[in-house]
Every structure is written in structure tokens, then in C-alpha cells.
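Let me begin by presenting the structure, written as C-alpha cells, before commenting on it.
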Amino acid sequence: MKTVLITAFEPFDGETVNPSWEAVRQLDQRELMGATVVACLLPCEFGQSLVVLKQAINRLRPTLVMATGQAGGRSEVSVERIGINIDDARIADNRGRQPVDQPIVPEGPAAYFATLPIKAMVAAIREAGIPAVISQTAGTYVCNHVLYSLLHYLHHAMPEVRGGFIHIPYLPEQVVARQGQASMSSDNVIRALEAALITALSTEHDIRQTGGATH
Amino acid sequence: MKTVLITAFEPFDGETVNPSWEAVRQLDQRELMGATVVACLLPCEFGQSLVVLKQAINRLRPTLVMATGQAGGRSEVSVERIGINIDDARIADNRGRQPVDQPIVPEGPAAYFATLPIKAMVAAIREAGIPAVISQTAGTYVCNHVLYSLLHYLHHAMPEVRGGFIHIPYLPEQVVARQGQASMSSDNVIRALEAALITALSTEHDIRQTGGATH
Amino acid sequence: MKTVLITAFEPFDGETVNPSWEAVRQLDQRELMGATVVACLLPCEFGQSLVVLKQAINRLRPTLVMATGQAGGRSEVSVERIGINIDDARIADNRGRQPVDQPIVPEGPAAYFATLPIKAMVAAIREAGIPAVISQTAGTYVCNHVLYSLLHYLHHAMPEVRGGFIHIPYLPEQVVARQGQASMSSDNVIRALEAALITALSTEHDIRQTGGATH
Amino acid sequence: MKTVLITAFEPFDGETVNPSWEAVRQLDQRELMGATVVACLLPCEFGQSLVVLKQAINRLRPTLVMATGQAGGRSEVSVERIGINIDDARIADNRGRQPVDQPIVPEGPAAYFATLPIKAMVAAIREAGIPAVISQTAGTYVCNHVLYSLLHYLHHAMPEVRGGFIHIPYLPEQVVARQGQASMSSDNVIRALEAALITALSTEHDIRQTGGATH
């Protein structure tokens, strides 16, 4: 049976939960489109997150890899278009490291585009009634670190395996007393990730639909 | 048995649903703290909304009245502090009327404070894990029209009955393709309104907790 | 010669400048429409701000009083519609006091509407090329404290004198390194306040133009 | 004498001015750090903007190239970190073309990092009292189209010439009646661009200062 690897992060930045893991752990061992979903928790650390990711990939030999993380402040599930070759940490990671303008892979290209059908995934999540957008940046922190590294690794080691990243809003319970902070219920995040995974498994060529930004 | 009246609005501004009614209609006939909840749908119209509201109050003789409406763009359930004596419509109501700077009650006072325990209600909603805030303005549209009129009516006709207003974010399905628009699932809105109603029914004196804004 | 009193606040909330005073002090002794502008600095303190305000009013016997203050985070010059009878401080004032849900005037009405021609003032500021809006709330901090008290005082002591309040965005230099915080140059604030003062001095009956909010 | 090329765009998206050109045209023929600034207006068109850009580069043989454009809605001058190899137009360009997910250079790399000292430029703009940030995305419209193409061209044709892109907020006059839209005065934009140009001309190695985003 085919395997799909979906990763999420542990809490960071003083939070006690991470909405990505709260949703992803509910998907572990789910069967979708003839594939088994395997959930994997990554530490919010530059470097060590990649060790755990690559171990999971090599153990599971998945059909596709979808990484996820928290994007506190965003209103929608956002499907990332690109990972870029830079670490520039606004805050320290969970091990206290805060790289500034360091390339992730010194000789690597400046960026990789996600290889999942990102437009079809956004359309499917919206079809499920949940706000979704294409994002043109995954930032320069551990999320982007994992996205770039995942795409770099797959490109060289197993180019037939597709990969990408989905950013998830705060959970309602994370922002109960913070005015003006959008959130999304874990039930809706789970439904969004299911729709995204089903679409990624069943879509060979992405659809042609605008998802751009003027700036 | 005691009765609690909770009102909501029909859709407006081109929407096909109103998140207030999607939640409130689920609460109809619910029993809370020994009281029966009765849900009432108001037209989104200056004037006519008040006719329907007063008919419901006079028919039901409720213990308390909680009005609700949509606040598209807000991230949290917001409990209104005050209703003000002005209609100033940015868009036409559902009957095409668009008053500008007209007093709701020509000889009425400039404003009434809500008489529900608003701070305790916010605390209870947050306790349920749902984002909530005090709002210092209900706007100048039909929502404020109903809030001011409700408080004016109760003040004169049945001063022992408490009243107030809760604004509700967009539903996720209203903003699937609108970037940067916060939303809240109907399940969470229902839980928030239950918490607010239980608190309003069981709290005589409001708690002392800051809910202010610097501007 | 007629006198116009315009007030502004000292810095608060950890800031080293207050954009209201940076602009207002430039207007001191300016002659507009046959009136002399007198600028007055108020302490950012509940209570004491009113002592200074009333002394200035009684000393100057102005034709109109325009109070101003900082509204950090707002993008536009905002002309306040109403002051409400409540102090609810999210942060302590400059003397360390933080009232919660205390009426400003225990026996006073819930609110007063500003008596300046607010719609005409917004139109004039926009005509000068500067973003402006009507605001439906001045908050519940020292700004609102001054606005409500000013209108209460004028209503009883000198009802022929008109009063109101204008909120001002951050200065650019206050937010150089704070992402996503709007600001406005002091030159533009000064031009906005001049346009507002000229309009207030020359407009007897406000114009009819929508400036409402749906919530 | 050395030449610096600075480009800006004509208005688009229904606007009658473009804040980038309103500032940049004031810098034409300015002498800075022993170099002459030459301003060049680009059409807001995929393809044709590049024709004009490359003609200017080949005619002027500049020491560095700084492109600029409007970022409506942003609060700060934003210095772009990276241009990506994709056109995905949310709205049509000024000639009515709206490409979706087309590579700018079919065989080109996924992205290029700007080669200007972006962190030093942000620091210098802030030093001048004007809000500035690093931006991790220039979008997927004509601005990014020019940024990617500029960096691709310089990389191959004249690798010793440095290039980059600065996004500029709306002018105040563009948003006079649009609530919640940040803006920046043209005077401040001009001062920001001067500070950026001087810094780019005088800084060989960029400074090490965080300018990252968590997402």
C-alpha cells in the first residue's frame, strides 16, 4: 500500500500547542485514495528538523510528502508556492539558535517551487467550505527551512516524489484574548488537509487558475 | 418557565447567509439554566426590524434579550458595550433605505449602555476556548439600530429586563476565496452564545476586568 | 479677536513623542478665519487632564474647542462622532492609574455627540489630499475621557461653544521598525488639522454625507 | 561619472498615479556619492517592461540598478529579498494580459536573490526616520517580473552590476476615502530612496541584522 507522509511542528514562540500538529496527529493512519497517511512530528529547530524529516522519508518511502506548520496571524489555510535558500530567524528556534542570512544549502539554488498541485489543492479546500489561498512566501524560519530542504532532497534523491507545505492559522484557543488575531478550528484544518491530500494524490497536472499577488 | 429571547439577522450586503442566524437558529428551544431559549429572525431593515423585535418581546415577556448580528472582518465574538442614537448607513438596508445621520429616537438620549454583564460574558466565552472581546462600537447600521432601540424600549417599558448585543465574525464558507478575512466556525459561535447566555442568566453583578481600548 | 482652543496629549504607553502634540504645537498662535489658535498640552492622566482643559477653556473663552490625541494603528485622521461615559483603561495612565468601568460623570448621560461639523471636516481633510474618516468610538481611555468631559462641560457651562476630538495616526519615526503599522507625516497632520479648524469655524450646519459603519 | 539607474512604474489597477514614479522622477539627475541618478519609467506590462529596462541598462551601463513599484496596502518601504521565476497575474496588466503560472524564463532558475545590500538599506531608511522592512516576496505580478528578469539579466550579462527592488506604499491622496489603507508621503519616499541609494553605493558587504519572517 502506498504511504503519504505528512509532517507538523511542535509548539514554538511561547505557545503550548501547534495547530499543525493538533490537526496532523488526527490524520495518522487514515486511509485516503488507497494510501496510508503517516503523521510525523518535527522539532522546531534548524538542522534537527531535517534529520527527523529525512529519517521518516527514508523509512517510509512515501508517494508524496506534505509538510505543515503554524502561520500565526493568517486567516486562511495557505498553500506555499516556493521555498527559498535562506535562514533568517526573527526569533530563536526551540534550541536557542537564531541564524541570520545563512544559506540552507551553501551550493544550492536560490529556491525550489513546490511540486504538489497547489492550485488544485486550494480549489479543493475552498470547495470544502474552508478559506484557502496560495502563499508566495513561507518566510525564512524553520517552516521555510523544512520546505526548501524537503524539495532539495526530493529533487536529488527521489525526483518522482512530490512535496510541498501548508501553513495553518492559529487555533481559536491560542488567541482567546488577543484582539484582531484570526483563527481556525481544528476540525476545519483537518478537513482542509484531507481535501488537500486527496487532491494531491489524484491530480497529475495542476489546474490553471490565478493565485497570484500584485506584491 | 422563564424565556430568553435571542435574535439574529437575515443575510445582507450581498451575502447568502448570516452567521448570526446560522448559530441562533440552532439554539431555539434549548433549555439553559432553567430558561427556554427562543430564537427570532429580524429583517435587516431600519424600522421593520424593530417592529418584529417588539412583537417578540411583548409576546414572550423574556427574562433577558440578546440580539446578535454579523460583523464581517472581525476575528472574535464581540460583546457590545453601548448603542448610540444615530442611523448612518454606509450601504442600503434590505429594503433599499439608507438613512444618514438620523437619530433613531428623536428625543432619546445619545446612547444606552448594554445591561447584560458584558465582562463576565467575554470571560466565559474565552473560558470556552473561543476568542472574544468587548467592542466599544456596534456601528451605525441596523445592528446598532436594534441595540439602541432595544435598550431604549426595555429602559422605559420593562426596566427589569436586561439586554445587549453580540457581533459574530464571518463563517468560513463566506470567505473561502477572500484573502485576509477572519472567520469563525458555526460550532464555535454556538458554543460562545451558549456560554454568554448561561453567564447572563447567572450573573447579577458584572465582574471587574479591563476590556477597554486606548482609542 | 476670536480664539480657538486646540489641545493635544503628552506621550504615553512608552512612546517618546505624541503625534498630536507634534502637530498641534505648530499651530499655536496661527490665525485662521479671523480667529487665533491657541495650543494646549494635556497630561495623559485621568482627572488631571480635565483640570488643565477646564482652566484653558475658562481662561481663553474660546469659540470652539478641538481636542486631539494619538490613535496608534489607525491609517487615517479620524474625526470622532461621540464620547461615552466610561473609563476602562487597558493600560495605566501616566500617573499609574487604571480605572475599570468607572463612569466619568456618575450622574451624567451615557454619551454626548460631538458638536463640531464632523462630516464637513472629514470632507475638507480629504479635499486636502489626506486620508480621513469618521470614527464611531474614541475608545475608553484618556482620549475619550477628555472628549466626554469636554462635551459635558460645554453642554452645561457654555452651550454655544462647539467641541470635538480628532485622532491622529503614529508618526513615521514611531514605527520605523514595527511591521504593519500605518503612520502619517507631521506635515500632513498639520494640514489636516488646519483644514478641520477652518471648516469648523466656517460651517454652521454639517453636510449630509454618509460616514457610517456596518459594525 | 558613474550612473545609477532607478526605475518606477506607470499607474495600474485603476489608479491615476503610481507612488514609485512620483518619487523616482524627483531623483532624476540627482548626484549621490559621486554618481548620477537616472530615472526611467517602465510600462506596467509583462514583457514590454523588460524591453524598456534592458534598453536603459544597455544605454546607461549603470553601476547599480534599483527598480521600484507600488505595494498598495503595505505600511512601510519594503526592500525585496528575492525575485521568483513565475508570472501569475491576479489582475490584467496595462495591455490586458493576465498570465497564469508561466515561467518568466523557461529554463531559468526558480529564483534570484537581490544583490543589493538589503539589510543595510533597511537600516539606513529607518535611520532617516522612515518605516522600512525586508520583504520576502515581491508577488507574482509585473514588479516581480521586472525584479527576476533584472537579476537574471545582470547575472548573465554584467555580473558586477548589482540590482534589487523596493516596494512603496500608497500615497495619501490615493486613499483619502479608503478606510484602513496605510500610506506614505512622497517626501518620505524620496528620502527613503535617497538613503537606500547612498547605502547601496557605499556598502560592499551587507550588514548582519535579522530581517526574517516566521512565515
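Letters A, B, C and D name the chains as they come in the text, with residue numbers starting at 1 for each one.
The working rule: contacts are C-beta pairs under 8 Å (C-beta built on N, C-alpha and C of every residue); 3 or more make two chains touch, one makes a residue touch a chain.
Here the structure is a predicted model, which means the values were calculated and not measured.
Colleague: Please state, in steps, how far chain C lies from chain A along the shortest route of touching chains.
Modeller: Counted as steps through touching chains, the separation is 2.
Colleague: If you fit chain A onto chain D using only Cα atoms, how far does it have to rotate, to the nearest 5°?
Modeller: 180
Colleague: By mean C-alpha coordinates, which chain is most distant from chain B?
Modeller: D
Colleague: Counting residue numbers used by both copies over all numbers at the interface, does the chain C-chain D contact come out same (over half shared) or different (under half)?
Modeller: same
Colleague: Determine which of the two chain pairs, B-C or A-B, is joined by the larger number of C-beta pairs in contact.
Modeller: B-C
Colleague: Express in whole angstrom the distance between the two chain centres, defined as the mean CA positions of chain B and chain C.
Modeller: Those two chain centres are 29 Å apart.
Colleague: Using mean C-alpha positions as chain centres, tell me how far chain A is from chain B in Å, no decimals.
Modeller: 38
Colleague: Touching at least two other chains at once: which residues of chain A meet that condition?
Modeller: Expected reply: no residues.
Colleague: Inside the complex, what are the residues of chain D that reach chain C?
Modeller: 75-76, 125-126, 129-133, 172-173, 175-185, 187-188
Colleague: Going by the contact rule at the top, pick out the chain B residues touching chain C in the complex.
Modeller: Interface residues on chain B, with respect to chain C: 13, 69-72, 74, 81-82, 84, 86-91, 98, 100-101, 109-113, 119, 134, 136-141, 143, 167, 206, 208-215.
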